[in-house]
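Paired with subunit B in one complex and with subunit C in the other, subunit A is shared by the two complexes that follow.
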Partner chain A sequence: MIDFDPSTFGLAHTYQKEDKDEINTLSMPSAPQVIYRSLNGPTQTNGGNKLNNFKHGTTTLGFVFKEGILLAVDSRASMGSFLSSEQVRKVIEINEYLLGTMAGGAADCQYWLAYLANHCRTYELKNGSKLSVAAASKFLQGILIGYKNSGLSMGCMIAGTDLSGQHLYYIDNDGMRLKGDIFSVGSGSTYAYGVLDNHYRYDLSLDEAVELGVRAIYHATHRDTASGGVVRVYHIHQNGWTKVHDGIDVVDLHYKFAQQKGLVGDGDEAKQRLF
Partner chain B sequence: MSYDTALTVFSPDGQLFQVEYAMEAVKRGLCCVGVRGKDAIILGVEKKATSKLQDVKTIKKVYQLDHNLCMTFSGLNADARILANQTRLQCQQYKIYYEDDPSVDYIAKFTSQQQQKFTQRGGARPYGISTLIAGFSNNKPKLFQTDPSGACSEWKATSLGKSAKQVKDFLEKHWREGLHEKDALLLTTKALMDVVESGNKNIELCVIRKNECWFLNENEVEELTKITAQLQ
Partner chain C sequence: MSGIFEYNGGSIVGMKGKNCIAMACDRRFGQQMSTITTNYQKVFKIQDNILLALSGLNSDIHTFYALMEKEINLYNLKENRKMKPTTFANLVASALYERRFGPFFVTPIVAGLENGKPILATYDSIGCKSDLDDFQVGGTGGNYIYGACEAFFKPDLSPEELEEVIGQSLVSGCDRDSLSGWGGVVYVLTEQKLTVKILKTKQT
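So, the complex of A and B:
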């Protein structure tokens, strides 16, 4: 049971003390007990050493429409100008009814979303009912506020389904939590927003929504060097979530869209348009 | 060797005597009744002034835990106050943690867990109360009972305290599924009036609806007792 003084809400060590009266034979390894907050602003990761600067090289997006929620993400991980992976899974399957997207520090997102999954399951077993999306996202916000200014880097979306429908939340390491209909997070988000805001309607069909998500990610990967790889698409509906696309190569998409526009890439584009 | 002087000692036949004695204190407490209807839950409790000089109006035995969650009890008054305050705090903490309202199940489990803690601790005694917790979860009315041993169970209608058996027999005969608020209210009042000296001064009633709680004031209770008496 929750057993803390509201004035210390958000301090990291409170999450260690939860259920202190119960015998925890299986306790998950977790972060240090006490976090001293820096009053000077965000701590720098490795003093700006670019080789270890993983931050924000991503495009992820999610939007709510009449068939539920669509999440689309890229799969590139970069360390400065070095591409460390083109096959990262940036949608984390928290449980059968909740998904989280990853942007910022991969380790932070992976760990805390796994912690959230553990908590959701424990709650479900103890109380016989599932946590709502609002509750799960609020819980995560509570954790991140406790680590504010200590160098966590996370810009994730929590999307899921519960008794009151499908909901999409944006949560970041500053402790911000926003409920919304359209979000895009990462270095390529501005490009994705351009495409998304242009064509988004609530009454999109599933196919149209998937097409929109794929296009938006493609355009972001085309212009943003830190985004690329493959596009992965998930759909959240009232029965949980479905993986719509496990990985469409953005290079293939590039030529597919170019062909649709009648572009051949031979340098004679302008001439063609005269006819 | 007496096995009842310390809480943390089992007797050879498996009883915790202090917990049993706590339940005895509950049995001698003033009567309380809970009835679950279709769209409301009624909690009714007997109040007794210890002297003519006491203002019975100011004795409040139904505690509001949240905007649509209430609790009443039989047993030691002061223990109830402490437990109610802890549960009130838990309701708010849950909201900060999870944004949603806690379900009645959760709050009942929390209350019973608090009561259980004190059956397994040295130097402390169990809470001398059994509680009735009523509220709505997922738009469904729910009534829970907890007791000093930490047990927790859901009920359709129940009663605690003195003459609890008599009231429970009455409820078993007359309770049915799908009671409307008015009928449930009349049933509760009738059940209480059978065992309490009638009059608005001795009964406290509370109606818990989906989004609010209605605490009947003394005029409303008096009117209700008059109507109930006529229906007999």
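So, the complex of A and C:
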């Protein structure tokens, strides 16, 4: 009799199976257990000073428009004031129809979005249809509520396409889950919102939307010290997602936009005396 | 990021060359993670042959510079002669120690030419003078600039080479510090002239 035990399905066994041969291909390392729950409120990440909480040092944004959803992110990682990297990938490709953005703790975002990816694939195999964006984001929210107050730091957007269209959700470590049309997350979000709110319309064309996303991220990187590097842009449409820009250097953008206005861009437009 | 010296951010560097000195600074004025302007002056010409660079709390940069400007003006009027760079270097140390128990939150670098000989001195915030090295750094990006300086610096560089070396060191260092940058200015002082050049850097 052929053994249809799912844990050994596909493995050729021509010898007596012993316990040590068991390879449980469907199991994952088990999710971290919370050992200590603070009685005094949320465990502070970074000494409790929210203003200097560099783990949220980033700018990510996403908005819904007539052609789908546009996601734009920066690529800077900082440890305090030290720039550890200018090339980080803050959009995590969960699967071909779902994207997640990273803000807050990089490890937390990477781990839990990969966990979500595993869950989506398992669901797809067991049920024969893809998990909806609403359900995927709700699953993640459920996990994060379970770890509430334990010090996780995540402010991510889940964006994707399913049978009912393209949807954008904001999920954070407090267990908040919000469906919306425009979100910006991270320390540079205030600057990005200013640009985004000024020019957003639902009936933007794809090119206009990409231009808006890029501009908003650029302005945030200029003013916010914790954002910078390159701009990465993704577009979600009914057939999945496409990477529109893999990395436009914000330094080049700065001088390009300055030139468009007829300025030099060295910050010294007032031409003050220097000695 | 917490700390009074990191509140405004900024970096300065000074170098000695062959009968010349160079100073460079970034141009950012910020408040913690937010950048306010990109044209803040941190290197001041105290006298034709003395430059003073200041980093630290911007309020104290301005106040300490005003204090030194007053001191040198009074000296010129009373003594009817120019102040020597070594004298000014000592004056800075005394002025800082005068505020030993309520210090100025600045780390100055003084650079000058005395009879053609380059002088470079750096201090901590309470006036400990150190004038032994050929290059000195200050500010939040200081440590990163040190690395670049060690790599690029050679003794007895000409003014043109010194300008190139100090500019590159400043830019490389500031690129790793999120609180410094947004432009750079290089000052090169020789017996004949003071050259001031604005660097095109990352504005992020």
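By our rule, the second predicted complex is superposed on the first by the 223 of 275 C-alpha atoms of A that agree within 3 Å, B and C clash if a C-alpha of one lies under 4 Å from a C-alpha of the other, contacts with A are read in each partner's own complex, and residues count from 1 in each chain.
Going forward, a contact is a pair of C-beta atoms (placed from the backbone, for glycine too) under 8 Å apart; a residue touches a chain by one contact, two chains touch by 3 or more.
Remember, it's a predicted structure, so these values are computed and weren't measured experimentally.
**Q** Looking at the overlay, does A:217 come into contact with subunit B only (first), subunit C only (second), both, or neither?
**A** A:217 contacts neither subunit B nor subunit C.
**Q** On the superposed three-chain arrangement, identify whether subunit B or subunit C touches more subunit A residues.
**A** C
**Q** Does the superposition put A:138 against subunit B (first), subunit C (second), both, or neither?
**A** After superposing on A, A:138 lies in contact with subunit B but is clear of subunit C.
**Q** Looking at the overlay, does A:83 come into contact with subunit B only (first), subunit C only (second), both, or neither?
**A** In the superposed model, A:83 contacts subunit C only, not subunit B.
**Q** Examine A:57 and indicate which partner it touches, taking first as subunit B and second as subunit C; both and neither are also allowed.
**A** In the superposition, A:57 touches subunit C alone.
**Q** Looking at the overlay, does A:72 come into contact with subunit B only (first), subunit C only (second), both, or neither?
**A** Neither partner.
**Q** According to the stated criteria, A:266 is in contact with first (subunit B), second (subunit C), both, or neither; which is it?
**A** second
**Q** Quick check for you: in the superposed arrangement, does A:192 touch first (subunit B), second (subunit C), both or neither?
**A** After superposition on chain A, A:192 lies in contact with neither partner.
**Q** Could you pull out which residues of subunit A sit against subunit B in one structure and against subunit C in the other?
**A** Of subunit A, no residue contacts subunit B in one complex and subunit C in the other.
**Q** Could you please specify the touching residues of subunit C with respect to subunit A in the complex?
**A** Within the complex, subunit C contacts subunit A at residues 1-2, 6, 9, 27, 30, 32-35, 37-39, 41, 43-45, 140, 175-179, 182-183, 185, 187, 194, 196, 198, 200, 202-204.
**Q** Spell out the part of subunit A that touches subunit C in their complex, as residue ranges.
**A** Against subunit C, the touching part of subunit A is residues 47, 49, 51-52, 54, 57, 76, 78, 80-83, 187, 221-229, 250-251, 254-255, 265-268, 270, 272, 274-275.
**Q** Which residues of subunit B touch subunit A in their complex?
**A** Within the complex, subunit B contacts subunit A at residues 90, 92-94, 96-100, 103, 105-106, 109-110, 113, 117, 138.
**Q** Please name which positions on subunit A make contact with subunit B in the complex.
**A** Of all residues in subunit A, those touching subunit B are 1-2, 4, 6, 9, 21, 126-129, 131-132, 134-135, 138-139, 142, 163.
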